[in-house]
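Dumping the structure here so I can ask a few things about it.
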């Protein structure tokens, strides 16, 4: 199988998530980094590219040069896709330019700052036919795919309730005033967008429950708070949700839960059973039901669905984690890219990745959550 | 130490919770059942009393006879208190009559149907001086007392967020139509009151967070649902909470979480740390903090506070559970009763039990939650 | 049902386990303490009896007086049984005297110091017909009874391997030199017997696996150690086991596992599946099998066997613990005592308690373990 | 940093562990596969090499051709090391030839079949100066490195007891007769060596405790069993251990624990505290101590030692697993190889990997275990 060539925008020295993307792409040997504009600071961009062994000709100081250069190259040398891992505010111009140029895009989340921007991207993608993936990485966990399968195939009956919480503690203090690069941009409306914790991790929670259940939110009732003095964006938020099928939900996301690490939990309740998954213990899924004793479903075990087993690299009992989940998102996008380049349709379970539609819905979710938080009325309808 | 004599109202054959109260009172050998009116059905009441070895003269067919008889007896033979374990609608008349007569009362929760009734009880208690306890039994767990101590002594800093969930699955189907006595009255507005799950278990959740934190709710935003067709009361509810100190909260309670047993969890987040407790694993309390590695505090271990150790009977590692927690509520009330009868004030940590004020606040909580659930406005203020 | 009357020998002020026995007996209201010789120190014995409300006439300074007095009383006033909760060395004379007198005995473990003593007891019991129970309390846990049922009914197939470990940390330092009464006698060969940790907790481990599996040990290979300087008995030991059916086993028991509480774990491996139980999380039993996903069996849930449900007082999700397990042992013995007094045979599942045979086998286990520990040969055969 | 070039011997189509090695090496982008002899079947070897994108000139049908070819290439093109992932019986000839040729070797475990073979390798390595690593991959887990640090730095005091168990269930049935390639060679003495489960996973257990504690085994007492009818090697074994410092140990390893996945657990007990680690929950290490409440040490958290943090790629709460641990072993070996090629000494914490000495000790452990299993004497001394 030919390796896919990719360029990275962002992710240079001192960045947090870029290297995670690169490791995820490296894991299976299906993708290779061939070009980049790894920082918005041209010198740092080129230094970072040298660190990673980029050829000088493809090691750019800014993303526009990268794009120009790629478009001049012959197809069999050109990148197959760009991976965008910048702070949020740069997603829009970069993704739009590459998508308009017909180059496949993998972009970090949340997708963009506004639904209008998301619409622009949708139009560009529709026109150019580019594959567009959004790295809601938690959907790549095999047990999340098992959860999706169980809900979608009716094993839980009709869904009645959805509980999702995402607790972190790293912003319990005013970290942004102590030269922490991650805290700095994520608490800055100009770069992060209109939401803080709700954009950074609440959007993961929204995507997780949408991915697993396929339910549509009908109305949102939100309470957003900035606890840390001086902070300009929410660092905590809780939502009541109503879904169009009548299900109810609670979503809470917070970055001030002191001492807690990356505590993302989801519970889906149906008429016949309940499943519970915890990101910090990702190889297990607990299934309780009306009839049987609770079962511990484990990654890689034979009773799992094909989509979960396809996302599994190691036998049961050999823990996989965050990198592999991330890699699965990339593998799904890669399958879609290969299909595009070969002019064929995707078979079932191929191309399993969060799409532009997921990203756009996530942006709308943030907008409506912020709108609801400002409203005195209980319910803000999805529109 | 003299054993306290008690009568029980309710709790006869086929009742669920009466026997739990009796076991809890028996555990430490400080109380003895001497009289009763164990059912609203006179024959069943007397049969039940005989099962328990009650003397015929004190084995009554109705609670009014019980009360009349007790008042005729000399003080050194009369009951020290009555334990009321009937369905909810009977709490008010029974408790009021005994309290007015000056007899100490231990009453199950939720206390009564309306705040007006709670006010009546308060006046009666004020006048007669009776000790009045409400069996919010989860407050009796040693690790809940440790949690209370840690919050109240400032070990978590200022409280910012409170998460409490109480999930059960036993009402996921229409159990009330299949001759299940518990389901029958708990889903009947006439006996259960204006709320279903929110009254039955949401009230425990409210009491638990109030007991641990001492925070006051400022506003409630509620969504209550009846999922099971034909059910007349809520079987699921979720609330956003704002506290007067600025803290935020989420409370969710549900009896339709299929396959889940008695999954009560609480997490308290402060500026300095976070504690997490789970009722199904009650001997442990997880404490995370800004500075140290997470700690597992275990019941009975030497680093715990005096109130927690006082509520402990066995060495660490020898599991205690629901019965002991229940017994601790009774022991606290018993200490208050002894103090009353001896005309002395309670020393610190004596008389550690949920009071009439807790019960009354719980009733108000249910009223405001139901009011909020009907409102189109987001926030219903505590008043 | 008539309450059974009992006397207690040992268990006075400052004792650890006596009060646990009393609470266990009190829990269900089926037994009442009417007499005692609560300490080997006559004054302390009587003070302790007064604390517990014993009538002066039945509050004795020594166990011989207790026995004499009881034998003089009419049957309908006499104790139904004696509960012996002294240090080990007193089990033999007390139990023998009461058993010879035809009084039912409940005796703490390990039963006695030597197999010769156990034989004496067996003869006495055979002659007098007394019911004799040994409080291997861990067998009273509902999930242990479920484990026994699963093994005995063949759900695991043929048993191949048995792993049991019992780790405590309370004797990691030389606690016996600091006026700790428990440490003092348990590390003293004169009172504890020929084994330390192996007698105190290793014997529980032996009993647990025998109770669950019914397998017979064929050979023992033991290594016993005294880690704490100056200690006269083992505080740590590990054994390889061979069973007569060809199964293999590992048993390790230690009281020097610093910081660990009461960590008793057992795993039973059969050709078809494996079960795992942990005493510090006693309401769950994990069942893995060749065919299905692992299952979490929970106390009180509907799929459990009758013997487990019979040993259950509370609905699933309402934790039970050590007291209830202890109480179950007493309830089983009580059923046997009632059957004896009524001259009837025990129905199935009645009289579910560790018998004198269990106690005698436990003594032999200790003897052979100590013998093996001294041997240079690998295997010491059970004989 | 220049990527290290490697060749792989074994690990072709249908192999289990080869792809895990390749993913581990790919993860950090520091190594690239440039040559191979991926199967002992020449056609399959070449097909497998083509799958992986090997150039025809470096895609060999047997390992001798690979070695010949490499030695003819200029240094700046030649492989930096060979990764040997064949069944056990091929480790010796391949490793010896490459080591004699001065090429660095990474070899799977158990190293070879006999101590004589291990001695040959040691001589070859001594002579040629080649770096030689053995992929005892569990030592690469960050929390194992933390455990090692805690023991070695005295945080647990003097070590008294070591408990290690490694349970798997995949060989609970006669899988070797059903065309399972892994089961086939691992149960064949000719390819697996003199031990089955004890060689395959018992050797991991031995290495894990040696790595963490640095203790030396003084004597072994072993019981090995083949439970599955017709199986020629042990599928279950348990050992009592004595260490030269006086510590005691229990090691049990089994592949017939039906339904269990990859359940490797280790507990190290010192005079001051105890640590417990479980491979299926690898991001946590539980630390109990005489003084404090139990602590949950989590991978990536700030209180960990430098060696643990160095082995960490993701922030706390973002699970890492088996691949990353494996990768850490390779990174350690790579640092040693870079040092060798640059003619410099390794700095502290560089070159953190299991060495040939670890591999040789593991072989001796297997030999003595098998010897002990055949002996009627309790103890077989390490020699």
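So that you can tell them apart, the chains are marked A, B, C and D in the order they are listed, and the count of residues begins at 1 in each.
In the analysis below, a contact is a pair of C-beta atoms (placed from the backbone, for glycine too) under 8 Å apart; a residue touches a chain by one contact, two chains touch by 3 or more.
Source: prediction; values computed, not measured.
Enquirer: Can you check which chain pair, B-C or A-C, has more C-beta pairs in contact?
Expert: The comparison resolves to B-C.
Enquirer: Same or different: do the copies chain B and chain D touch each other through matching residue numbers, with over half of them shared?
Expert: Same; most numbers are used by both chain B and chain D.
Enquirer: Between chain C and chain D, what is the gap in Å from one C-alpha centre to the other?
Expert: One centre to the other, that is 43 Å.
Enquirer: CA centre of chain A versus CA centre of chain C: separation in Å?
Expert: Inter-chain centre distance comes to 55 Å.
Enquirer: Once you find the CA centre of chain B and the CA centre of chain C, what distance in Å lies between them?
Expert: 35
Enquirer: Which residues of chain D are in contact with two or more other chains?
Expert: 260, 287, 294, 298, 301
Enquirer: Of all residues in chain B, which touch chain C in the complex?
Expert: That would be residues 1, 3, 16, 19-20, 22-23, 26-29, 51-53, 168, 170, 260-263, 279-283, 298, 301, 313-324 of chain B.
Enquirer: Tell me, which parts of chain A touch chain B in their complex?
Expert: Going through chain A, the ones touching chain B are 156-157, 160-161, 163, 165, 167, 169, 172-173, 221, 223, 225, 227, 236, 238, 240, 242, 248-250, 252, 254, 256-260, 267, 269-274, 287-290, 294, 375-379.
Enquirer: So in the complex, which bits of chain D are touching chain B?
Expert: Residue list for chain D touching chain B: 286-287, 292-298, 301, 303.
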